[in-house]
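Below, chain A partners chain B and then partners chain C, in two separate complexes.
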Partner chain A sequence: MSVIAPKFRLGYFLKGIFDNAFWILTIVTLAGIPAIQIVLFYLELPVIDGELLTAFLAFTWLFNPTMQIPLIKALIYSDLFRIVAFPGFGFAALIAAGTIFVERKMLAKLQLRVGPFYCGKVEGILQLAGDGLKLISKEIIIPAKADKPLFWAAPVLFVGTAAAFVALIPVAPGGWVVADLDVGLLAVFAVIGFFPIITILSAWSANSKFPFIGGIRALHQMVSFEIPLILSLLGVVILTGTLNLSEIVESQSSFPWIIFMPIGAIVFFTTMLAELERIPFDLPEAESEIVAGWLTEFSGMMYGLVQLGSYLKLYAFAALFVIIFLGGWTGPVFWPPLETELITEGIPIPNYAGDPILTVNTPGLPLLDKDPNEWVLQEQGELVYTSGQLLVSGVIWFVLKTVGVIFFILLPRGVFPRIRLDMLLHIGWYKLIGLSFVNIFIALGLVYAGVIGPGGIL
Partner chain B sequence: MAEQVIPTKKMPPGLQVENIDDRIMTLNVGPQHPGSGHMRIIVKIDGDYIVDADPDPGYVHRGEEKMAESRNYITNIPHLERPVIHDSCNILYPYVLGVEDLVGIEVPERAKYVRVIAAELNRCIYIQYWLAIYGIFLGHSTMFMWPAGDRELLIDLMEKITGARVTHAYFIPGGVRNDVPANFEDVCLRQVNYFEKRIKEYADIFYDNPILKARTEDTGVLSREDAIRLGTTGSVLRASGVDYDLRIKEPYDVYDELDVHTNVLKSGDSYARSKIPWLDMLESCNIIRQALEKMPKSGSIRTKLKPNPKGREDEVYRRVESGRGSAGCHIISRGKPEPYRLKLSVSSFRNLIALPYLLKGEKLGNMPAVYWSLNYWPVEADR
Partner chain C sequence: MADALFLAISVLTIGSAIAALEMRSLVYGSIALMGTLGGVAGFYVMLDSPFVAMFQLAVYVGSIAVLILFTVMLVKRELIFKKIEDPKRKFAGIGLMLIVILALGAVIMDSGIKTISTDSDPVDFREIGGDFLTYYWPALILMALILAGSVMGALVLARREDTIENEQ
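Take a look at the complex of A and B:
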């Protein structure tokens, strides 16, 4: 394949740049700024320096050097930022995009080929953006006899459910989670239960044979693997005595649960592969048998949305594995602890619980601390860190562990063929459920033998 | 009550009217389906079980046999290899042998060895392509990429010999078209040894894979009696326990001077049918090494033909062992430069006959594994 590049002409090049700049400026001025103003008008804005932030003040302070840091801080600690950017959708989508790229390159290396190579000059790094643009620009074709409202709703519901799953995942210490529920694990089970319903709805509404078979297969697979999935996590719940995911992570500060629950981890990993419809459990999308399974009739960005949702789901499952079995964000902090001399110079102010909180001017990461003017110190064991340092360190550990788990989720695709429906059901109902009961008995044994739990050795 | 649609005329197969309370669902697998070839299988399923399967080939019919009647014996060569371009030497082999019988010429000794080497290389090229598709049919993407990549080794070798990557048109009546390059023996031996090392690795990732074994063993079992009764050939017949290889039973060219072994497995299931071609590749490497050793180092590679050779008034039938099974060619000559009638008897169509018997009662998930294990090439069946 050869493409003859057009002759470079400086005039056309400059005209292109000026045209783009003109239209961007025009659209931003006439549509973007009013839209942001309207959104800000309806949002509940924080109080900064004793003054309620308004839509007008936001634009004024943005160009005021003294108010920029407080403004950004207020933005970071707003709910909108949590949902859209950091522990929520944006962070998850970034990891999902990275997962797709890593999957393609890793699989290519395994199969003695290069993978995406040309788009973006460096190892095809912009291939994903190109694929996304292609999907957006494609026509959406809907079968004539499809149930149109349901068919339209299915991809959106799928992404929405995956995003709800992501919202339950705590990422860093100090409450960095969109929805910090006391019954977090129960909520995760509830959200997972929605996926087979959406799948069968979309398969039924397409009114076509191959999607129908794929939907029925997905229903079989997800329903029969949800039971071992829930049972395999009960062992950890018995040991920790809580359903809150943040508390489950904090209970593993000295050792991760995978040391005591290897069987549960194996069962959960296997069921995870089945819930994610990944090889060797990709029966609902088995290409050589039923075209693309329940995704056959989706086209354009509807298909793109389903793919986005499935990779968000992949991130959320990997993160859940990290939180429950690998200790989440716990791990050695990357910075040296603060010097104790600096702390003794400050004035100790005990808070309501009696813990000493020190107010001193120490080096750290001021942007990431809650109080705009003072840096709050946190103790971890005998060592003292700022909360910003703990946040960055925790996020790095969390991402490293999650990427490791994602790697092991991607690996079977290069090694195993697809299995058959009867083999799948046999594995789910006979072997995995039995193993997860063994896991529960191990947990009960540990609790009643007094090894772990209240008054235990560890 | 669902409204009953009564067809006014007899509908073509695959377009049956179905009511909502029918238990049987008809699936048109193909011709535009990732799991068919250039053909269609009309599958009727009851739940997950196949109750009836009706293969419907004919989408890529080219009329090769009719075309052969209006071309002379030399100009027939390039188009007769088109049914299986990946196995072009072997599909051309019986035609060339038959024309040599009709015209009555002797082939030089060196040309016979070159033919055997080219035919065995081409058999490996075909089997690698077939194996790649078998891998992706079972959802094993690495098994798609590895054979497709290792196939390039032998394609490069064939390009050095014949000048073309895929459609070689290398065998002609009286010998081969041109001589092998100067340092061919060394290059060929090195590449074949490396190729053999590579394909032995397939056992680790594919043939010894526990999921693959659990999936394909005891599926689509073809008994020894049925395999003979249905007229299957090649790897399908040998997987059912019949020791039948034309290279040994009816040796042509110099196969009787070489030490050829046949691979036979007893079980007759999809796993055995998929393993026999892989064992054949290993055997081909042995044959190539022997032929390279015994080949005369110099000599003629072609007996010159008259410009427009006429066959004597006779009919001949010659057959060889191709990558899929026996490939035969029946030529009727009336003393003209063109054949009066030419019939290609190909193994793909013979093996396809077994498909409805094997698929009946199987699960839908087994369909690709059983279908492609028949060593079937849709274009060859249509000719």
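Take a look at the complex of A and C:
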């Protein structure tokens, strides 16, 4: 009879548990609690309802229903929340995870396969969690003659650069963006420029043939497609006269720029596919030719990090397309138009005799508004919306459009074959650059004809 | 705060410049060069001109440094370079650098830059663009023509007759 643990004794097991508990308690008492206190000492805590939030107050308010909403509101409107959760990393990582799953299922359906099926009872919905666990638990293998510092740094740098790209993307009206730069579009170009460096450095540091070939291919591809990428967005910059991404979105409140710039949109979409190394431009990772291209030597969570970074990049590019050509978060507001008094003063609740005894806030609104006393007036007619309503509606429109663009990015993978390197360079250097100049001339024509742009008809 | 930031960026820029010269490994040297160029971009940000800083990042770190890396990786360094250990040349170089820095510093300090004090806002990049398109447009068009001519010249020089035209 084979047993899993032949020397198992209950006494040893209990002793192990008690030993661990003893050391954990000791270390928490001696190091953990002082560390928490030191962190709390230097942390700048917000002022909520005229009272400085201390750790003691926070724990008290957690169980006080009337103070929970201000507490959560202060959390939502903090910088940390922006960077970590909503318009920043967490939101993008969630969309990226959904993208991975949808991509696998959709490709399978396109090719008459089943796709992930067994993890989780419904359509393999837990496959992603299973893959993540697998990647975390796998051993990280580093090639013997690899350049270790660079090889370790490359996946982290890749995720970091992708997260910096995500941080520039505005998601909802009212400044829901991590870094609202005056030169946002230029910052996007600057961040995109870092990807080829990281790719080529990781490919070189692996000291292996396949990654190096893949890295050189990636370098060719990214450098030659960066130029039409930048040029194809300049038409919109000429029309709007700004580089700030939020202002570019607000300029499209009546119509999206894709109506006037379809050529720019097509060029940008093609260069986007090339920058993301997706089929038909997946030469850097061509798995039928060079194993996995520049990802060949990555294993375990290092590979997971690179995958996470590339899907974050995919989300960021799709969101950039939405922001520049499809109007970002603009769209009809989902909420029913309410009376002004109903929002600003609340709903009066009468007693049996009809006399109002108390007023309550309109449900669902106060949580997302920064300040309940400050209301945002929508422009059309007399309709009044709060900033929370606009936020929810804007995010829904933005996510819908972004998911649509992501779908069109995924679709070619099931349809097209890989193109040759010389055809790729020919497309990049001749056709796309020419088309993007045509796009710029269309924009200039519209401006000088006085149709749109600063001081135009529309 | 600004002083600490300035010191940090200065240390980054100068340190990585020295590293770019002194590193044995060419790839690490070019990474250090990237650090120098990025530090210069940091100076531009501190000088309230993020427009120039972003172009510094996009052009110098994003393109020039990639070209340098690309070239370095295709070169077998053992075959080309022989390291000449010559302390005299090193000290001569350091001395020359000090002389140049002192001379330039003396000239700049003597030019009255210390007496300039202004509270006006930094120049908006839109104004610079407007100036380029209105007052300085002949210079802009001349530069564009020269660049276009040089690109065409490079294309003509790079054209080879013996290759097969690509068949699509």
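In this text, the second predicted complex is superposed on the first by the 379 of 458 C-alpha atoms of A that agree within 3 Å, B and C clash if a C-alpha of one lies under 4 Å from a C-alpha of the other, contacts with A are read in each partner's own complex, and residues count from 1 in each chain.
Just so we're on the same page, a contact is a pair of C-beta atoms (placed from the backbone, for glycine too) under 8 Å apart; a residue touches a chain by one contact, two chains touch by 3 or more.
Small disclaimer: the values here were computed from a predicted structure and weren't measured.
Q: Could you say whether A:R418 touches chain B, chain C, both of them, or neither, answering first, second, both or neither?
A: In the superposition, A:R418 contacts chain B only.
Q: Just to be sure I read the superposition right, which of the two partners does A:V223 touch: chain B = first, chain C = second, or both, or neither?
A: Touch partner of A:V223: chain C, not chain B.
Q: Considering only the touch criterion stated at the top, classify A:D79 as touching first (chain B), second (chain C), both, or neither.
A: Neither: A:D79 stays clear of chain B and chain C.
Q: If we overlay the two complexes on their shared chain A, which of chain B and chain C does A:L283 touch? Say first, second, both or neither.
A: In the superposition, A:L283 contacts chain B only.
Q: Once the structures are superposed on A, label A:A187 by its partner contacts, choosing first (chain B), second (chain C), both or neither.
A: second
Q: Given the touch rule stated above, what does A:L112 touch, chain B (first), chain C (second), both, or neither?
A: The first partner, chain B, only.
Q: So, A:W204: does it touch chain B (first), chain C (second), both, or neither?
A: In the superposed model, A:W204 contacts chain C only, not chain B.
Q: Overlap the chain B and chain C contact sets on chain A and report the shared residues.
A: 422-423
Q: In the complex of these two chains, what residues of chain A are touching chain C?
A: So the residues of chain A in touch with chain C come to 147, 150, 181-183, 186-187, 189-190, 192-194, 196-197, 200-201, 204, 212, 216, 219, 223, 226, 241, 422-423, 426.
Q: In their shared complex, at which residues does chain C touch chain A?
A: 27, 31, 34, 50-51, 54-55, 57-58, 61-63, 65-66, 69-70, 73, 125-126, 166, 168
Q: What residues of chain B sit close enough to touch chain A in their complex?
A: 25, 27, 33-35, 48, 135-146, 149, 205, 209, 211-212, 214-215, 363-368
Q: Within their complex, state which residues of chain A touch chain B.
A: So the residues of chain A in touch with chain B come to 107, 110-113, 209-210, 213, 279-280, 282-283, 286-291, 413-423.
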